[in-house]
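What follows is a set of structures to go through.
Shared chain: subunit A. Partners: subunit B in the first complex, subunit C in the second.
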Partner chain A sequence: MVADTHGAHRSKFLRDVIADTPDGEKIVHCLQCGSCGGSCPNGAEMDYTPRAIFAMIAADRREDVLTSNTMWQCVSCYFCTSRCPQDIPITEIMYSLKRMAIREGKARKSDAPALAKTFTDLVEKYGRSFEFGIASRYLLFNRPMSMLKSSGMGMSMFAKGRLALTPTRIKNVKQLQAIINKARELSQHD
Partner chain B sequence: MKYAYYPGCSLEAGSAAYDKSVRAVLDQLGVELDELNDWNCCGATEYFSQNELVATSVIARNLALVDSEHDQLVAPCAACFLNLKKTDKLLAEHPAMKCQVDAALAAGGLSYKPGRVHVRHLLDILYTDVGPEAIKAKVVQPLSGLRVAPYYGCQIVRPLNGFDNPEYPMKLDEMFEWLGAEVVDYPVKAHCCGGHMTQISEPEAFELIRRLLQSADEYKADVILCMCPMCQLNLDAYQGRVNGHFGTSFKLPIVFFTQLLGVALGIDMKKLGFGKELVSAEPVIRSKLDGSSVGAGT
Partner chain C sequence: MAEKVGVYVCHCGSNIAGKVDVEDVAKWAGENVKDVAVSRDYKFMCSSLGQKLVEDDIKEHGLTRVVVAACSPHLHEKTFRRACSNAGLNPYLMEMTNIREHCSWVHKDRAAATEKARALVSASIERVKFQEPLEPMFVDVNRATLVIGGGIAGLQATLELADAGYPVYLVERQPSIGGHMAQFDKTFPTLDCSACILTPKMSEVGQHENVTLLTYAELEEVSGSVGSFKVKIRQKARHVVFDDCTGCGICVEKCPRKVLDTEFEAGMGNRKAIYMPFPQAVPRVPVIDTESCIWFERQKCRACEKLCPTNAIDFDQQDELIDIEVGNIIMATGWEPFDTRKIPQYGYGRLANVYTSLEFERLCNAAGPTNGKIVLRDGKTEPKSVAIVHCVGSRDERHNPYCSGVCCMAALKLGHLVVEKTDAEVYSFYIDMRTNQKNYEEFYQRLLGEGMRFVRGKVAEVTDAARKPSEQGKLIVQCEDTLVGRQQRYPVDMVILMGAIEPQRDAREMGLKCGISCSMDGWYTERHPKLDPVATMTDGIFVAGTCQGPKDIPASVAQGAAAAARVSGMITKGKVMIEPIVAKIDEEGCSGCRICNNMCPYNAIEYDAEAQVSRVITALCKGCGTCVSACPAGVISGAHFSDRQIFAQIQGALWDAWQPQDAASQDAETVPVSAP
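Right after this comes the complex of A and B.
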């Protein structure tokens, strides 16, 4: 790829992506072959395919990448990762771009950050995920129309005993919270 | 054979049929499952989208809770399996991250040494450890006449599976051949169900679900076999809405592979969680398998 592979990379964005992604340094070996976009089940919905995103990262186009919908369209299927001839951890880079977009207030094109926050807030409170709590809080505030359309399905799920209306709480939720708080403090991010 | 068992949150409510059938089948096969004491949610994909250190620390708590009696942890859910396995690998390969996760675990009075727990998927346990001879010996209701479409999804076979092919997996196909079923070889068996996209952008999620249902339908499957709660939810619970969206009329029962394995082993269908799926599976199973004796077992 267009990255300067000798010495420090000129693109600060590239340096940041590498620092934020385990094995992220492999991104500089991108051949621009496009196997990633071609393998992606949702590539047609992305503003830019992963191949293009990697070229943009090398070109330091931080704003364009972080405000794009690309990483939010990633469904974490790992086809790109599995097929990349250069062993680039593409799905993990998409996670890294999601984190950076949230931290920098650039995640504008998706409800995915709201879903993620609702999900993890409930985990931090109870220690377990709580499907009904996620659906009711997240859909009510973010997708009320969708909640209406899903209500029939929700009723069927309830009738089949597949929708618990109360959360399960683990015994040592305080221990989990202590671990999370420490991790958050060490990461210096929310 | 004895394993620590990590059911995961979905198996407590939405996918209780999976948990029920896993326990019934492994009991019948003489495999001991000891549920991990006080396990917490693996965070699915949602923590990794926000904070990687919190994501790995939350998952590492589960690895740290595995007691000295066990060195293998079995997870039936795709996301749980990948998260537990990925975290163990990250901690082994990235000393700086391990140092921070160690400090986070220590705040909860816990510690974990990477590699101490071997994270395994349920299919691997059944295919590799129990194996064909032991399973075939216990079949009392061969599945002959039933066309099953094994569906692997994503995160069990990619990227860290280690026991099957990430592009064209075969282990579930082979297992159902042992059981006498007609296994449908269809091209999308390891494609994506859309994951959490049903909660974010329905048209895109519905398209991914449609591709799977259509392919299995074109290959004349009677049922689709799932290994992941999210796959089962998307294909089963959203099938009606997908039909509404595309004007299709799919009516494909979506069951967990352990439910149908249990039928072959002669376990009572009620003990296997049948009846919880929105597209009913019992009629087609009974009609194809000489209904008189199906599910009347132990």
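Right after this comes the complex of A and C.
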């Protein structure tokens, strides 16, 4: 397969997606076969299937892609990635599109970015996920009215010992934070 | 006396000149390398004008050595050797330096590539000074040819040669010739019956006076070289005496053991333990499958033996090794189908009504297990809807990256047969429709007109998990209709998987026996992908049909005929030139230790017990050099690859690291040579 030719691609958007995604240069090998769109459990809910998104990326339709709901419907099941005949890291590309949409303020009216942000903030702080914190903070800021509805489930999870009320911190969380900060610094680009 | 070396650096259009400063290399060599009398660059050295340049220089300047820096010697060594011969210079005093494949094509940095080209040219100049004039040898070409594989490509090659009056040995692994084509119902795009056009060729081969047919036999060993190969064939025990059998078929009829026929019937029908693969089999001599025969299992039965009118059954028959001698070999070993179980989401083997294309070929074949009736696995229900899935194991980095080439047309053919024989609706799920041969696109148009439905999308999965009442009891084909851009589910009764065409599992091993190589995918490598598609890098070995790459019947037939034409040419010529690049033993120094005798991979060294020395049989020697390095006395030398030549080449390559004080000792006699 031809690699490292992405600098020559006409679509700026394509170049950006490739630069933002590990193994991203494989996207140029998309055959438009639709294995991804056909396999996706949420495919029917998407504005555009992943296959269509790849065609739009190549056509430089940045606005249409970043304002679509496609990547926000992705549940990271990796079905598409495991079946793609061209070995394209489709799920990773969905992550790239989410990041780009947030960064460029194009993320559509959805709580998904907020949930993602809450999750990563807490992981960064404690070094591991803290379900009670995620649920309460996310619901409080985004849909306070549904807090009551979810409390029943929270109570029964707590009763079964599946929900801790206080976060646990990993050892040397400072090291993890240093790694994240370094990664953040490295990923700063134009 | 110092040699006069001519150096010729080729631009190859922009192929070399685009990355290497060829003018600089030529100028540099002319000014800086010792003994260079002429140094030129030229747009296309291989053109007649380029060759003339070399010839004229040899005559005018009295050149004694020539270095051509251009492409791979595989392509043009012959060209420039001929040019040297024309001008009266021994062709083995010419050395080719590959500055294209080994330099310009693989480097990006122009300055570095130019630097490397200088080193390569310098290496060749130093080497060529020590090359010696050699005289080519000629051997007679044996008029007999071995064809391996009795599918359509092998049959065509066999008939072409046999009809031309040359003897042919045809070796086939299965009990009958015919290959995969014998299994098919119809052939695209004309829809003529496969058996009707194949079986006449089969019987012609079976009866031909010039053909020795060896079925149920395999290639065991090949030795020798072009013109005079020695081949060992293993004739597997049929347990039926070939010459006594009349092919009456009573043994088959009376055999009490029925087994699933996973070969000819692709698992769709049964055969007996003693069987002929199909009624039109050639030869009409059955074989006993010892794995299912009751006698071989528990020493009972012998029904066939009792009832055979000519006493042709022989339970004690053993495999037999047959030695033959031939001048050329044509490999036509064919293909095998992709194992569709490797893609579990398509459900083959788990969902009953998912079929492979070969299974379906047998299902709709009038001579098949259902007499051509298209029914589901229950044996009676006619499907109301059929899905044909393309690219199963093809165009897929997880399985085979290549396009199998024939499946689109085969899918259209199967679609047509369903439309013709049933009222079912037919869907074809494709990525790209490839119908690029004569009358193929017209066939696609015909199917569009016949109402076959085409959905552009690779099938994601085939499932029996219904989501709504209309899907109950159906197989649901889920995919993205990429032209609509939506995920769709198609409930159908039957699914046909168009599996990839794969190389034979033992293709690599068979290739090794004959000394030919396979591509990464496992297809035999032809000498040149465009200009020499049936020859191989090994003289006297040719390839035809699908063993060289996926192809359809017309292309296989064309290749079979082409390979036969090449062999015919060799036989007509009568003699073949062998490179004089062979090993030579200095008998004075040989102690007769015989170490080299066993090391030689070509059995080309014999021991003379009387003189107590070893001798190289030059006709068999390939010049590999194994004996040269093995000889403890260092008295074997390899022509054209002497130690002195190789060391000079290394020194030349390291010209820029060469210290002035060493330069003084660069004299021919003091080159560090290991042998005395």
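The definition used in the following text is that the second predicted complex is superposed on the first by the 179 of 190 C-alpha atoms of A that agree within 3 Å, B and C clash if a C-alpha of one lies under 4 Å from a C-alpha of the other, contacts with A are read in each partner's own complex, and residues count from 1 in each chain.
What we mean here is this: a contact is a pair of C-beta atoms (placed from the backbone, for glycine too) under 8 Å apart; a residue touches a chain by one contact, two chains touch by 3 or more.
On a predicted model such as this, the values are computed, not experimentally measured, just so you know.
Colleague: Both complexes share subunit A, so when I overlay them there, do subunit B and subunit C fit or clash?
Modeller: Because the two structures are overlaid on the shared chain, the partners are seen to fit without clashing.
Colleague: Now for A:87: first (subunit B), second (subunit C), both, or neither, which partner does it touch?
Modeller: A:87 contacts subunit C only, not subunit B.
Colleague: With both structures placed on chain A, which of the two partners, subunit B or subunit C, ends up touching more residues of subunit A?
Modeller: The partner making contact with more of subunit A's residues is B.
Colleague: Can A:112 be said to touch subunit B (first), subunit C (second), both, or neither?
Modeller: Once the two structures are laid over each other on A, A:112 reaches subunit B alone.
Colleague: So in the superposed three-chain picture, is A:35 touching just subunit B, just subunit C, both, or none of them (first/second/both/neither)?
Modeller: Only subunit C; A:35 stays clear of subunit B.
Colleague: Check the residue A:24 against both partner chains and state whether it touches subunit B (first), subunit C (second), both, or neither.
Modeller: Neither partner.
Colleague: Put simply, what angle do subunit B and subunit C open at subunit A, by C-alpha centres, to the nearest 10°?
Modeller: Here the answer is 80 degrees.
Colleague: Touching A:133 in the superposition: subunit B (first), subunit C (second), both, neither?
Modeller: Touch partners of A:133: none, neither subunit B nor subunit C.
Colleague: Using the touch definition from the top, say if A:162 reaches subunit B (first), subunit C (second), both or neither.
Modeller: first
Colleague: Go through the superposed model and pick first if A:51 touches only subunit B, second if only subunit C, both, or neither.
Modeller: second
Colleague: In the overlaid three-chain picture, find the nearest pair of C-alpha atoms across subunit B and subunit C and give that distance in Å.
Modeller: In this superposition, no C-alpha atom of subunit B lies closer than 5 Å to one of subunit C.
Colleague: Would you tell me the residues on subunit A in contact with subunit B in one complex that are also in contact with subunit C in the other?
Modeller: On subunit A, the residues that contact subunit B in one structure and subunit C in the other are 83.
Colleague: Using the touch rule from the top, collect the residues of subunit A that touch subunit C in their complex.
Modeller: 31-40, 43-44, 48-49, 51-52, 83, 85-87
Colleague: Please give the residue numbers of subunit B that touch subunit A in the complex, ascending.
Modeller: Residues in contact with subunit A: 9-10, 12-16, 38-41, 43-54, 56-58, 61, 90, 93-94, 97, 100-101, 103-110, 154-155, 158-159, 166-167, 191-192, 194-197, 199-202, 204, 208, 237-238, 240-241, 275-278.
Colleague: Quick one: which bits of subunit C touch subunit A in the complex? Just the residue numbers, please.
Modeller: These residues of subunit C touch subunit A: 345, 391, 395-398, 431-432, 456-461, 478-482, 485-487.
Colleague: Under the definition above, what is the set of subunit A residues touching subunit B in their complex?
Modeller: It is residues 20, 22, 41-42, 45, 72-73, 75-79, 81-83, 91, 95-96, 98-99, 102, 110-113, 115-117, 119-120, 123, 127-131, 134-135, 138-139, 143, 146, 149-150, 152-153, 156-157, 160-164, 168, 170-172, 175-176, 178-184, 186-187, 189-190 of subunit A that touch subunit B.
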